Each structure stands twice: as C-alpha cells, then as structure tokens.
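Chains here go by letter, A, B, C and D, matching the order in which they are written, and residues are numbered from 1 within each.
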Amino acid sequence: MVEYVPGIPILKPYIDADNKAYWDAVKEEKFVVQQCNKCKNYYQPPRPMCPECLTLDTMEFVPSTGKGEVYSYIIYTTDKMAYPAMKIPYAVMVVEMEEGVRITANNAPDIDTDEIYIGMPVEVTFAKIDDDLTLYQFKKRKS
Amino acid sequence: MTIQYTDKPIPHPALWGIIYRSSTPFWEGIKEKKLLIQKCKDCGKILHPPRPMCPGCHSTECEHIEASGKGTIYSYTTYSKSPHKSFKAPYSVVLVELDEGPRLISNMVDVKPEDIEIGMPVEVAFDKIDDDLTLYKFKKAG
Amino acid sequence: MARKILEEYMNRKYDADIKPKPALNMIKDKTAIVGIGETKFTRGSGRDEMDMACEAIKKAADDAGIKLEDIDGLETFTLDRTAMPFIVSTLGLKNLRFASEVSFGGGAACAVTLHAAAIVATGVAKNVVCYRSLNESSGHKFGRGDGYAKYMLTAPTPHYGYTFPMGFCTPLSWAGAWGRRWMHEFNVSYEQIGWWAVVLREYANKNPLALFHNKPMTHEDYMNVQMIVEPLRLFDCCVDTDGACAHIVTTAERAKDLKQKPVYILGAGQSAPIEQEIQTVYNRPTIAGLFETWYAAHEAYRVAGVEGKDIDVAELYDPYSLGGIMSLEECDFCERGDAGNFIEGGDNIRVDGKMPTNTSGGLLSEAYIHGFNLVNEGVRQLRGTSYNQVKDPELCMVTAGPGVPSSAMVLRN
Amino acid sequence: MSIKDKTAIAGIGLTEYSTGTDLTEWALASLCIKNAAEDAGITVKDIDGLVKDIDDGWDCSYVQKTLGIDNLLYSSESHWGTSSMLNAISAVASGTANNVVYYRSRKGATSDKRSPSDYRVAKETMDDSISILRIDFYEPFGLVNPVGCAAMIIQRYMNEYNIKPEQMGSVVTGITEYGAKNPLALYTDKAVTMDEYMNSEMVADPIREIECAKGVDAGIAILITRAEMAKDMKQTPAIIMSAAQGAAMNGEFFTGYNQEKMTALPEMVSMGDELYRIAGITAKDVNVAQLDDRFTPMVPMQVEALGFCGAGEGAAFCEARSLPINTAGGSLGEGFMDSNRIVEAVRQVRGTSTSQVDNAEIILYAAGAGGPADGLIIRK
C-alpha cells in the first residue's frame, strides 16, 4: 500500500485531447481502455490515430472489465531512485488487463508490498489523492 | 532615460543557479566596477564572449585585462511594447563596440531612445542593482 | 512462453521488412574510427561541460594526428549541454559542414557513429567528431526522480502521465520491471546477476582510468549490499560521472595515412521497435527481452555480414547490470533466456572467456559517459592497447542503451 | 562520392494550416507523415527513417505508435532543424535507409497548447540546459526574444548601406502578392500596400509588426528517397542537387554580434558556397528562391549572402523583383515553419504552385538567417 508524504506535490497526469477521455473516466472512478471500433484492437497508452487503420475518428474509449493479473512489479527500498512524495518502501506493479493492455499502478491498501507476486489476480480500484487528482490502484481479486 | 525595471527579478543565470565558469571572472570584475576582457595568454587574441579555449591557438590559459570602457554604439533597438515582465516599455538596448574590439549588449543611462545613433562615442557606467547583481551600462562620452 | 514469442515475433517481423541491400551500403569497410580521447573521469569536475568537451575533442584530434581545423562535423546527444555554435567558436572550426544530434539518451551511443559514418561516406564532411560531455555527478542527474518534484506539477510528457503520478519515475525502476519479468520467465537468480558487477569491477581494478580503479568487490560484497529498487542493488547501478569522451570518424582511405591503426566500421544499425517508449516499454508482446538491442544488433550483423558467434569482444551498454546481461542474449552470444547461467561464475565474460565483455569496467565500474567510454574501449581492444587486452581480437560488438530506440555497431581492426 | 542528384523528394504531406486546431501535435505529426506516404504512392510501413527538430515535441517513438511502423533504421534530431535534410539525405545516399521522412508538427498559433519538448521542458523548469544559449550577456539588459536580437543585426545593416524603410516595404509587398494567390497562406488574404507597411506598428525598431511571421498550427512532412527509386513513385521527383549547413566563428542564434561582419550573415555565406559547390552551379542558374522570411528585412541580407548580388544591393535587388522569392507567400503568409518553403520549392518543380514560375528548373531553399543556416537546391 502506498502512503504519501504530506507537503510534496504528486505529479498530475499530462492531459491533452488524445487522453482526456481516459483521465476523465478515472476521475469518475471508471476505468476505460482505448479501442479502435474498426479493427477492434485495444491500445495503451491512448493515441490519436489507429496504427492499423490509420484513422482518427475510429478511436473510442470502452469500459474495461478492470480485471487483470500482476505481470511485473518493483519495490522502492531506498529513496535514492524513488519519488519523494511516497513513503519508502512502496511498490509499483505492471498489470496485464484481460483486454491485453498493460497498466502501471500502485497496490491498493489491501495488498501489502511483500505480498505481491507475478501472476497475482487483481482488480482495479480508485484512490482519491486530493480534490483534483484521483488515481487507479489494484486490489486483490479472487480468481 | 535609462531602462526602467518592474518589481520582478531581472533575468540573470545566477538567479537560476547556473554558472558559466568561463564568464565568472568577467562578472566578478563587474562587481568591482571593472570591465575585464578575456585575452589568450599564448597568442594574445581578445575573446568575447569568454570561452574555455582560444580558437586561435587552442591554449586553455587565459588572462583578463581591464578594458578602458570607451567605445562606440555599433547598433541598437527599441522595444515599443515590453516583451518581458521585468522591464518597462519603451526601452532601448544597445550594442557597444569597445575600443579593444569586443561588442557588448548593454543599456544607455543618459540618452533617450530616439537620440541613440550608431557611431555615438560612449563610456562605461556601472549600475549596482542589488548585492548580487551589478550591470555595466554606458553613458555618452566626451 | 516468452522464448517462443521473442523468437517467432522478432524474426518474422524483422525478416519481412524490405531493407536497403548490403551491396548498396557505403559505410561497411569504407569508414573508420581514427581517434579517441577522454578527460579524467571524476565525481566532481568543477569544470563547465563545454570546457571538458573541448578537451576530449582536442585529445581525439591529437590521437588521430589531425588539426582541430580539419574537423568539419559534430555529432552529439540532444541531452548534451554544449551547443554547436559555441563549440565552433571555442575550437575555431573554420569550415563546419555538418552538426546534428541523436535523441533518446544512451540509445544514441552508436547511432552518433552511424550518422557520422553516413556523412563522411557520402562526402558531406571529411572528419566528424562524436562527443559527449556531462557533469552527471556534480550537476544534472538524468536518472534521479527527485528533480521533477522541485519544478513541475504535471508529468513532462503524456507517457510519463501513466507512470509519474504512481511514483514510477526513474530509469532504474523502469528497467527493474522488465528485468524482473525476464528473471521470472527464465528463472534467473539474484546470485547469478551478481557476477556481471563482480567481473566488471575486476576489469576496472586493472584500468587506471576507471573510477573504481582501486576498490575491489567480491560476489559476497555484492550479495550483502543494499537493494536500491528490488530486484536491483547499489552495485547494479552505473556510476554517475563528470567527464567527456570523443571519437573521430572519417573515410577508410583518409584513415590509412593517419597516426593510429584504423578501426573500421563493418556494420552499424539503429532501431526503434513497436510500442516504443523511454524505458516504460510494457505494452509489447513480451517484456522479457530487449527488442531494441535485438533489432539494432541484427541490423549491424546484416550489414556487416557476420553473426554473434564471430564476435571476439563486446562492449554492452549497462546503465544497470540487467541491461548488459540481457544484451548478451540479444546479440546471440548465448541462448535466449540463458544469460544467467552464461555469466554464472564469471568465466565466460572474463578476458579469456567465451565472450569478454565490458573490458574497461563498463558503465558500472569505469565511468558512465552514456556509452562513449565503451566505444573508446572497443577501439582500444582492436588497436591492442586495452588495459585488459583480449588476445588479438578481430571483431568487437558495441551496443547502446536498452529500453529506448537504440543502436549497435560491429567494429573490426 | 557526393550527394549530388543521389536523392529526391518523392512525397509531401501536409495537414490543414490553421490558426487554432484541436488536433494535438501528436495527431498533426501522424497525419502529415501518413499524407506524405500517400503522396509518394508508398505505404506507411515502407518508411524506415524519421528525422525531426528538437524543438518539436513528438519523437519517433510516439509517431510510430500511431503509424504502426514496426522498426526504424534511422532517426535523428537537431537544434533548430538545421541538419534535418542532411541527415535524411545521408541516411538514404549511404544505403542505411530507404525512405526517410523529415517531419515537423507544431501548434505555433495556439502555443499554450504546445506539447513539451526536451528543450522547452528544460527552459521552463530552469534546468541548466539553458546554458546552451549564453543568456548571461543579453537577457539582463532586456534583449530577451528573437525579434529584438534580429533587430540589432538589421539596424546595423540598414545603417551601413543606408537602406530606406520603403525598400524594406517592397520586400513585404512582393512576398504578400504571391501570398494573396495561395489559399494556404492564411495570414495573407490580400497583398500589403506600401501605406499599410509604413503604418504598421514597430515591434523592435526597425522591425515592424507586419514584417514578423506568425506561428501556425500545422504538420509538414517531407519524404526523401533514392533518386532512382523516386522515378517509379507517384509524383515527379524533385531531385536534390545539393544540401548544406552553415556555421561561422562567433556565430550564435541571432546574437552573433562578435562576428567580424554580422550583417553579411557569415553562416548563410558558408552554407551558400557549399550548396553551389556540390551542385556545380552559381547563383545565376537559380530560377526561384525560397528564403527565410521569419523577419522579412533579413531577406535582402540573404540575397547578398547567397551571391545573387553585391553587398548592400540586396534591398534594391528585391525592389526590382529580379528573382521570384517565396512564391507561396513564404512563412509570412503560411506561418512560421521553415519546411513550408521546402514544400513550395517542390511545388515549383512539380508545376503545381499557385504562382508557377515558367521554366523553373533550379530552385534554392534557405533557412536560418542570423543563426546556424541550412539550405537545399532541387531541380526537375
């Protein structure tokens, strides 16, 4: 579980026209994945044009099942290479979603840092950091 | 009249903690109201802006000689609208060619923008802005 | 499973692309590195990066036996803090014909040489110097996360928007994520990984230029040292360095009548595979392999007309030990997924082993000049002047940064 | 060995030029590269090299994601884009890559929505990479932007050869006449009259507001391939006779005041000489010129630096319209992006320009007046 050091700002996501829908959904505690409605491929990170169809207007954001499994993870054990706003130790997981895309996120409070293992079934949940930043995290999932 | 400042800090690398070691002697000299120009110790070439090696003989030994401070206006421009929050418009910026050769960007202290002319003889006049910033400016000579 | 994806996916994709025929290539055997130079590597240079760059370039010119005025081309990284106009005015380059940069940090370590070779091969310029100068120990640190918090409230780029808010903000941790997946897929142990750092430290202890020249380190020291970002420890990290390196590229004919024995460029390649990011490359078919290094190495082999087994000595870009270890597989020096066993005990990568690697101490123990010190070591090996000289090597493989659009080159003496 | 006639511009890709689009720069970059491949008659997957300018934000790792290019064999960047053409040409001519695209994508008009680039992030975050530009000798005195720095050079030039403002006005009227005929020149719907020029407000004396090119939201891609491969592509190839870069002692970016003769634009002279040497021609053989008109008073200076006339005669040369210059209205009309003048040079070769110069055999393009210069000579 990740704890924040008060007073140090947490970097906000870079939002522009291509990924606005993605982060707006996160703010409403919904997790979406970008899909091209022509070739049906999922894409992460969101982008303005589909690499298969080379079209701009076919890119949509569809709700995700939110289910996935831990594909890889790291644990910051010292502050040397960590971000100062998070208390040490904290983990970051790379989760492979059922749609096939891989998302990086912290573990939710119900998962301890040393409980994480590759292949662990997880499910998306949300954490309201402050009034203009909500982030997704992953919690345990009974597979 | 001379350039007018707002309350915002004047843009200067020291403000952002950036050091150009090769021009540190130059700015130290300005604090003591001396115009120190870089000169290559081996071939005597005058170098401006200061640099770590002499392009003529590639020696890295240089010294700083004090310039007379005399020169002429080589070029100038006047901003009618201020492009930066620290300066009040209108203001003029001049390019002064020192007798020793180097050309320095600066401001005039006693000449109105419309009276500045290329070729006008000038002389250095130091302006202590605050403890860590003194600027070299120029006034009409003779 | 990852082995099948990597072999099947990469080979099929790479062979399908139509690439320029090697016969058309004007670089192979027609260009050479003729001069190398570097400043002293320190932890606090107290000098401007421009000052060190000029010293390294001057030394490279002296080594090659050419005057500074003969240099009419400049190649460096986009991250370099020395702008072309000031290099021209400080070195007195009267007739500059070409000046360019390559992006992606360490991934450009061999790309600068490839671009320089393309420029001299097509006659645009005669002598192009590739240089890199940085104060990463006393000045701007590229690998640290704390710098961002001071100035920014938003992630600097869209891709970082998916990682920085989660506190996932440094190259070492990004590499830790695909490193761990590789260890998981091919069950590599922490003990096995340690041998890379140990052998490189042995090399550094015999190399007076190396920062850790007089600091021995045993495998036991490695196992007891602090874990920085699991799975990577302190001794798995490269050493932040102040210093500069440079090497000069010209045509093979001009190289003949210069001071040093020329080191010819047999083949060089650049790469930027799919779903490419700056080390946060998690959306590929698998992350248990370095696509960038594989594509760049195999493009260099294709142009050079050689294979992994023909290489006598390698200088693999290792900002963290995993980067170098996994590159052993990408360059076909060992089987896919077998790099852990290959370096166990360290003999295979020692100076008389199957594949002597990073013989100057690499980025872990010699210095971290973003790969330029590896190029200089590769040139020394082929000239026969290295402090850990491999017995008369013919071919040397140099690779650039993993996890970013990368590059690689095969050098021959 | 030389690059003469070895490569050709086979495809041009444009997005709409606009004063404000909601497309991001990533979308603009992807669109213009896609259009360049279509124009050349090849598929996007045939592109194996991408070259860009460090000040644009979207490097090849982003653009590949939207174009589905499997792998690139060549990618490079350069400050102020001065080496982009030479990078692409040397990549193709040396047999390293087949089809290299030089792409620019920039929201110059809505610059607050521009995306970060290493260079801009460093400047905004006060990162010490600002030491790239020696600002300690300029910014404390209020010389803080390119128009002021350029004005310093132009003032000296007008004084040295006592050029009248009306002569500088004729440069603007000439270029905007071409711009009025070009629908893409969104900043020039009609030619500027001399009165409008004289009444235009002074920004940094002697540069007037009407003499400054404005930013534009656009993506422009230029596809370069080997000359013989271009022959069997869709468009008439624009054969590249030569390309060059120029630098000079004490040169900087608009602040090279310690050059011996800054008004002679020494970088442009060095670049021009190399262009003519490689191409084996002289200035007299050039039929059309696309020159750097970010600040139009620099155009007469470039005409002199490139050998079209003697020192100090540039303004009279432009006044007499002795050579068609910026035949699509230049950056003054289409917005400040150097590559749009390369596009116009290619239109002249293809015969599709809105101000087509008849028997336009040899066209010269130049950029970087007052700083590191680059240029190109192309022909049918």
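By definition in this document, a contact is a pair of C-beta atoms (placed from the backbone, for glycine too) under 8 Å apart; a residue touches a chain by one contact, two chains touch by 3 or more.
Just so you know, these numbers come straight off a predicted model, no measurement behind them.
Note: the chain lying farthest from subunit A is B, by mean C-alpha position.
One finds 42 Å separating the Cα centroids of subunit B and subunit C.
Distance from the subunit A centre to the subunit B centre is 53 Å, each centre being the mean of its Cα atoms. Between the CA-based centres of subunit B and subunit D the separation comes to 32 Å, rounded to the whole angstrom. Residues of subunit A in contact with two or more other chains: 14, 16, 18, 45.
Looking at subunit C, residues 48, 86, 89, 92, 152, 156-159 sit in touch with two or more other chains.
Touching two or more other chains at once are residues 26, 62, 64-65, 68, 115-116, 126, 128, 131, 134, 249 of subunit D.
Across the assembly, chains come into contact as A-C, A-D, B-C, B-D, C-D. Interface residues of subunit B facing subunit D in the complex, by the touch rule stated above, are 3, 10-13, 16-18, 20, 23, 27, 48-49, 55, 74-81, 83-84, 86-87, 91, 93, 95, 102-107, 118, 133, 135.
Of all residues in subunit D, only 126, 128, 130-131, 134-145, 147-148, 151-153, 155-156, 159, 201-206, 249, 255, 257-258 touch subunit B in the complex they form.
Only residues 13-14, 16-22, 24-27, 48-49, 78-79, 81-86, 88-89, 92-104, 111, 114-115, 117-119, 121-124, 139-140, 150-152, 156-159, 269-278, 295, 299, 404-405 of subunit C touch subunit D when the two sit together in their complex. Of all residues in subunit C, those touching subunit B in their complex are 46-48, 50-51, 54-55, 58, 68, 86, 89-92.
Of all the residues in subunit A, the ones that touch subunit D in their complex are 14, 16-18, 43, 45, 47-52, 54, 56.
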